[in-house]
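Chain nomenclature is as follows: A, B, C and D, assigned in order of appearance, with residue numbering initiated at 1 for each chain independently.
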Amino acid sequence: MSTYAPTRDHRFSFGLWTVGQVGRDPFGDPTRPPLDPVESVKRLGALGAAGVSLHDNDLIPFGSSAAERDRLVARFREALAETGMRVTMATTNLFTHPIFRDGAFTSNDRDVRRFALRKTVDAIDLGAELGAPIYVFWGGREGSEVAAAKPATDAFERYKEALDFLCGYVRDQGYELRLALEPKPNEPRGDSFVATVGHALALIDRLEHPEMVGVNPEIAHETIAGLSFLHAVSLALWAGKLFHIDLNAQRGGRFDQDLRFGQEDLKEAFLLVRLLESSGYDGPLHFDAHPLRVEDEDGIWEFAAGCMRTYLILAEKARAFDADPRVAAALEAAGAGTLGLPTVEGGYSAEALRGLREETFDVDALAARGYANERLDQLVVEHLLGV
Amino acid sequence: MSTYAPTRDHRFSFGLWTVGQVGRDPFGDPTRPPLDPVESVKRLGALGAAGVSLHDNDLIPFGSSAAERDRLVARFREALAETGMRVTMATTNLFTHPIFRDGAFTSNDRDVRRFALRKTVDAIDLGAELGAPIYVFWGGREGSEVAAAKPATDAFERYKEALDFLCGYVRDQGYELRLALEPKPNEPRGDSFVATVGHALALIDRLEHPEMVGVNPEIAHETIAGLSFLHAVSLALWAGKLFHIDLNAQRGGRFDQDLRFGQEDLKEAFLLVRLLESSGYDGPLHFDAHPLRVEDEDGIWEFAAGCMRTYLILAEKARAFDADPRVAAALEAAGAGTLGLPTVEGGYSAEALRGLREETFDVDALAARGYANERLDQLVVEHLLGV
Amino acid sequence: MSTYAPTRDHRFSFGLWTVGQVGRDPFGDPTRPPLDPVESVKRLGALGAAGVSLHDNDLIPFGSSAAERDRLVARFREALAETGMRVTMATTNLFTHPIFRDGAFTSNDRDVRRFALRKTVDAIDLGAELGAPIYVFWGGREGSEVAAAKPATDAFERYKEALDFLCGYVRDQGYELRLALEPKPNEPRGDSFVATVGHALALIDRLEHPEMVGVNPEIAHETIAGLSFLHAVSLALWAGKLFHIDLNAQRGGRFDQDLRFGQEDLKEAFLLVRLLESSGYDGPLHFDAHPLRVEDEDGIWEFAAGCMRTYLILAEKARAFDADPRVAAALEAAGAGTLGLPTVEGGYSAEALRGLREETFDVDALAARGYANERLDQLVVEHLLGV
Amino acid sequence: MSTYAPTRDHRFSFGLWTVGQVGRDPFGDPTRPPLDPVESVKRLGALGAAGVSLHDNDLIPFGSSAAERDRLVARFREALAETGMRVTMATTNLFTHPIFRDGAFTSNDRDVRRFALRKTVDAIDLGAELGAPIYVFWGGREGSEVAAAKPATDAFERYKEALDFLCGYVRDQGYELRLALEPKPNEPRGDSFVATVGHALALIDRLEHPEMVGVNPEIAHETIAGLSFLHAVSLALWAGKLFHIDLNAQRGGRFDQDLRFGQEDLKEAFLLVRLLESSGYDGPLHFDAHPLRVEDEDGIWEFAAGCMRTYLILAEKARAFDADPRVAAALEAAGAGTLGLPTVEGGYSAEALRGLREETFDVDALAARGYANERLDQLVVEHLLGV
């Protein structure tokens, strides 16, 4: 039996802001003291994680001098070197400071937009310096509560402009950096512009360099919109755009909870792990979650260990599921395998159409066919329950 | 003062299935007798609508003979000619018959997929024969409840295949027909593949002929996912993809209600009408709603008249809003006009970046700036309330 | 190892309408032929269920003659006798027929209200004749889409009046029948009057004979409102009002799905089974779910077997969970056991207050305390996953 | 035409925490400086409000000395005296300090529960000293994310115990104070125990002194659960339990937004004002909302003025609506007035039942009847739009 002990090879990563979350919420003050990023690197490394990710201001407080910046970076790189941990992703904090209250790339104030671009350029330099292969964009403040105040067609144009500018910079610098958009339907803004994985892809497709940019889907974010995360990741994979992933949990369409991976909707978590493990996705398995506010510092590391352990348990179950002949039979009864077959070999042609028109369909028999989904789903449940 | 009386010029259209809905729901039998499509055309024409839309089976029952089909079509065209009404959109019913229980273009059964393609080809012919300029695809059954039974990456591939095939057919026939995808997050399936306007655009961008295909957003459908319909339509407009629109109302993230236009969320309805009227959109203003189940036949026509009348009232209010100097001042205080300005003139260049890096930002002043959204929104509310 | 084979002792029951659901939905025709109730009794009995429940019209079509009624009842009782199955609950269909389009007990039409009362009296007689110990009221049509049309204060008064009347009848007849209200937030009506378990209790508390009436919580219904079903059942138990329960599954706040028990939210299902098994609840374990529309008749019985089997698996896990010393330690670390202790022994008194005022609290220490919920929840997950 | 200028007679009140909200959210730092409570009293008084409400810590920081407390109270009372403003409601902050991370009355730590009781006793004294007629309980931290850690049946018992204790204290002191529970389904806790107005009533009904305790429904809170606020207030009124009300706005089932009254769902706001104005409710019209985070200080007062102005506009519309003969006709067509009539005069009796059984119902005619809700709702919309 497996011990479910994570190693560097498992590619697990945590945001510095996740274990470092101090337990503040809209109604409450912090319940835990701040964590030193160096401490986080060491503790996560000891638990078996492969790396960390960070916002610029997770490491370097807003407004730090250049000297202070360099000191903090040097100290952090030492910890990385010492532990063998990597920076798996970097991103910009464009949401905490009040300057971004109306948006960053889509603020109505052009000076704020310009400031946001410059802050991001600096943060990309930091990401590159730390060796991050992926640079994420979550547009936390890119949205509105008062729709009349912010014409959304203009907002999409400004969003594109900012991403095009930053792609230009990355190319110009020759950075080996791929960009990834992280969608979210709402919170902290009333309605976000890049609401779902679909919206992110639609924006990416309209960039000057769409090939540089993919998506970073997050379980909680699609769940807030009541959407299937499995479908979201499948769409990203189908489009060749799964550049990064944010694992956590969320209980339905309410405020953003960022719960421990596996804390809610274990079936979707299981099917997600199965999909990731079979998809060829080789990026970080990144946890964007945080310990519950009721926890003390011990709880932080229980939380982090739990995220990784549950992933490994589910991965083992996915292998067992796919090796089970009863599952193979149920998948066949459901016709799951035949969805991969072309409906019309070779696509449209006058001849193919003629074939279709001449075909005889036994409508009654096709209408009477059952798809045995109950049986298959019961097998999913029983594998999950380990019986 | 306006009389808010609709005319053909207002481009209002109703689905035959909307006024024809008999009041059946998951828990109840019909409360109204079926309506003859010819009667619907006449009554809607008399109320000032410009046209109707239809599924193939709204006019021609599933399984009708060719002779019966021709008779029904001829009779229907007579009614159109007599009333001056047009068919503004056509679509295929790929969801009512049990043959489509597991999907149409994404059924796990290849024969069902082929049957669905043939049914659609026939229905496109019908649409073309009736002069419909737009052909809509709502994938009501394209989704799943048991995710393991239907690999979503395969489903997206089959969806694309079907649309590519049908675009091929339309081109081959030389039909003047534009296609439009209608997204919906769920219902009747547990999770739909084309969940939002974003998802629809992402799929369209990956077709062989993306220029032939746009979107048909529906108020109720984006609302079910808790998303801003205004943002959805803005995204479609920004992408040049607003080919059609479905107007109705919905009360939050619950079962699909298809209420009378304006019945819920009047503010979003107002801002939507304002956007449509100023956007250059010149397609049909199409109502995909139905009378409440508590209504008798009189209620059907109250419902239809109400949809159009509310639109016209809101359009007049939108003009008044945009002509109000207090609104102009509030928009300026919010900075709404400046979001249209490029953030960096000319986009990325080393020089532009240098300029950005050398710029001095008064961070404290920018952070202290208010955006006066409360004042603007109060003006929206007061225009809406007519005070 | 258990075989998870249900027996009569497990008290499992299914509505005739659950296995009998023909697969009709708002967008689709039936996919399965109707089931003879006698067949359902036999098949369910063979699978190990203890009984069935029914609406009057599940057995006796609306408008049947007295002779036809008696024939159908006799035939049904024979099947019960033959199989040893019981009728565990009866209820009235006050939602399918168009006469109830505006409500039954709260219809704006007084004649409809009177008709609904009489139909219910007859159906209570049927329930008593069949030996049902519980009579359920789900007010499917008691609600509104147009709030102005139905003053809700009047509606609550009419609801109370109807229940008082029916309690009067049950007492008068000397029936050994307990009544149970089943709440649901919406669907088929826009907003239901008895929206949650809390609403049901508030209504019951205002009846003439509150002691005769309890609640029938349903997983899907509380989930539609985004509420914890575990809290709902706990509230009902605390109030001594858990008279019946409807087990199924639902994926978040969308249309009513009535999925197989355990199909979604396995963690809540597990904690629910644990609560029920330890609570002394000895009523039927009743499944109000239906097979997926993609199923054929075989799928019906897979579905039914799956509901029971998952319950039994979870019950075994609940026993193992409560016997695990690591769990006991985690519960202690979380302080779960001390919530049962009175906060102030003996309740309010001037003296107790003085004690409270004189007490010294180490606020910093109390504020720093962690509650170890992450560790406990991880144990829940691992018991569930069977590792 | 009205000027919609509020006066003391309109009974408008604002929480100190509402105008005083500094714009912090889960992802962002404050955007506005703190407001001195004295300043808030003066500004609100100048705008026409009649009073303010407060948490103990809105006036007196946690941990203040007795001397500091007295100084702050004296200064505050001066401002009240000077402006003629009243304290319309008082409440306890049992959610901000980390000591309450696991709950206050339902914390798993008995010492925390005792501390919470004592803090509340002190805060009740403060409320009484300031002349507040209502004391509100919002159980912000009374809930859980990890259900296994907090047995909900015990939690309900502790909740009751705390309220019984505090009722005892209020009686003992002879305070003229009525208590009101404020429900909320979630946030900041994953699931709150007192989730809806129904839950609050069910808890109140089980107290030792239910007559002392009513409810304080809040628009945003019921809306988060997708429930009709109109139904919630109607239930409270029907039960004689509407002791207080929190007016604001919320956009569907997402994070708690606390928007300006009237910012969303104007139709429900209109029907609510109509209900309140005709119900005899004479408590404060209390706004529990806050200015958008994008606002500066000017925006605070625009926000506050807007809340009151929209209420007055809607109240005028409600009067016009009820005076409109077309509305009277539509209400009659809908049968709205007849819902107030008893269904069975005198309630249950054997004779009444016999009458019911002998009555002849024209089922087909009753089933065919329409309820003209579309027409009525269109009139609601047009009154709202002012046409």
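Heads up, the rule we're going with is that a residue touches a chain if its C-beta (ideal position, glycine included) is under 8 Å from a C-beta of that chain, and two chains touch if they have at least 3 such contacts.
As the structure is a prediction and not an experimental result, all values here were calculated from the model.
Peer 1: More contacting C-beta pairs: C-D or B-C?
Peer 2: It is C-D, judged by the count of C-beta pairs in contact.
Peer 1: At what distance in angstrom does the C-alpha mean of subunit C lie from that of subunit B?
Peer 2: Between these chains, centre-to-centre, one finds 38 Å.
Peer 1: With chain centres taken as the means of their Cα atoms, state the distance from subunit C to subunit D in Å.
Peer 2: Those two chain centres are 30 Å apart.
Peer 1: Using the touch rule from the top of the page, what residues of subunit A touch 2 or more other chains?
Peer 2: Where subunit A meets two or more other chains at a single residue, that happens at 31, 97-98, 101-102, 145-146, 185-186, 190-191, 224, 226, 253-254, 263, 292, 294, 367-369, 371, 373-374, 377.
Peer 1: Draw the chains as points, connect those that touch, then say whether the picture is a line, ring, star, complete or other.
Peer 2: Complete.
Peer 1: Where on subunit A does subunit D make contact in their complex?
Peer 2: These residues of subunit A touch subunit D: 23-31, 95-98, 100-102, 140-141, 145-146, 185-188, 190-191, 224, 251, 253-257, 259, 263, 292-294.
Peer 1: Residue numbers of subunit C touching subunit D in their complex, please.
Peer 2: 63, 97-99, 101-102, 105-106, 108-115, 117-118, 121, 145-158, 161-162, 164-169, 172, 183, 185-186, 190-191, 193, 195-202, 205-206, 224-228, 230-231, 234-235, 237-239, 253, 268, 271, 331, 334-336, 338-344, 347-350, 352-353, 356-357, 359, 361, 363, 366-369, 371, 373-374, 376-377, 380
Peer 1: Enumerate the contact residues on subunit D facing subunit B in the complex.
Peer 2: Where subunit D meets subunit B, its residues are 4, 31, 223, 226, 252-254, 260, 262-267, 291-292, 294-299, 302-303, 306, 309-310, 313-314, 317, 367-375, 377-378, 381-382, 384-387.
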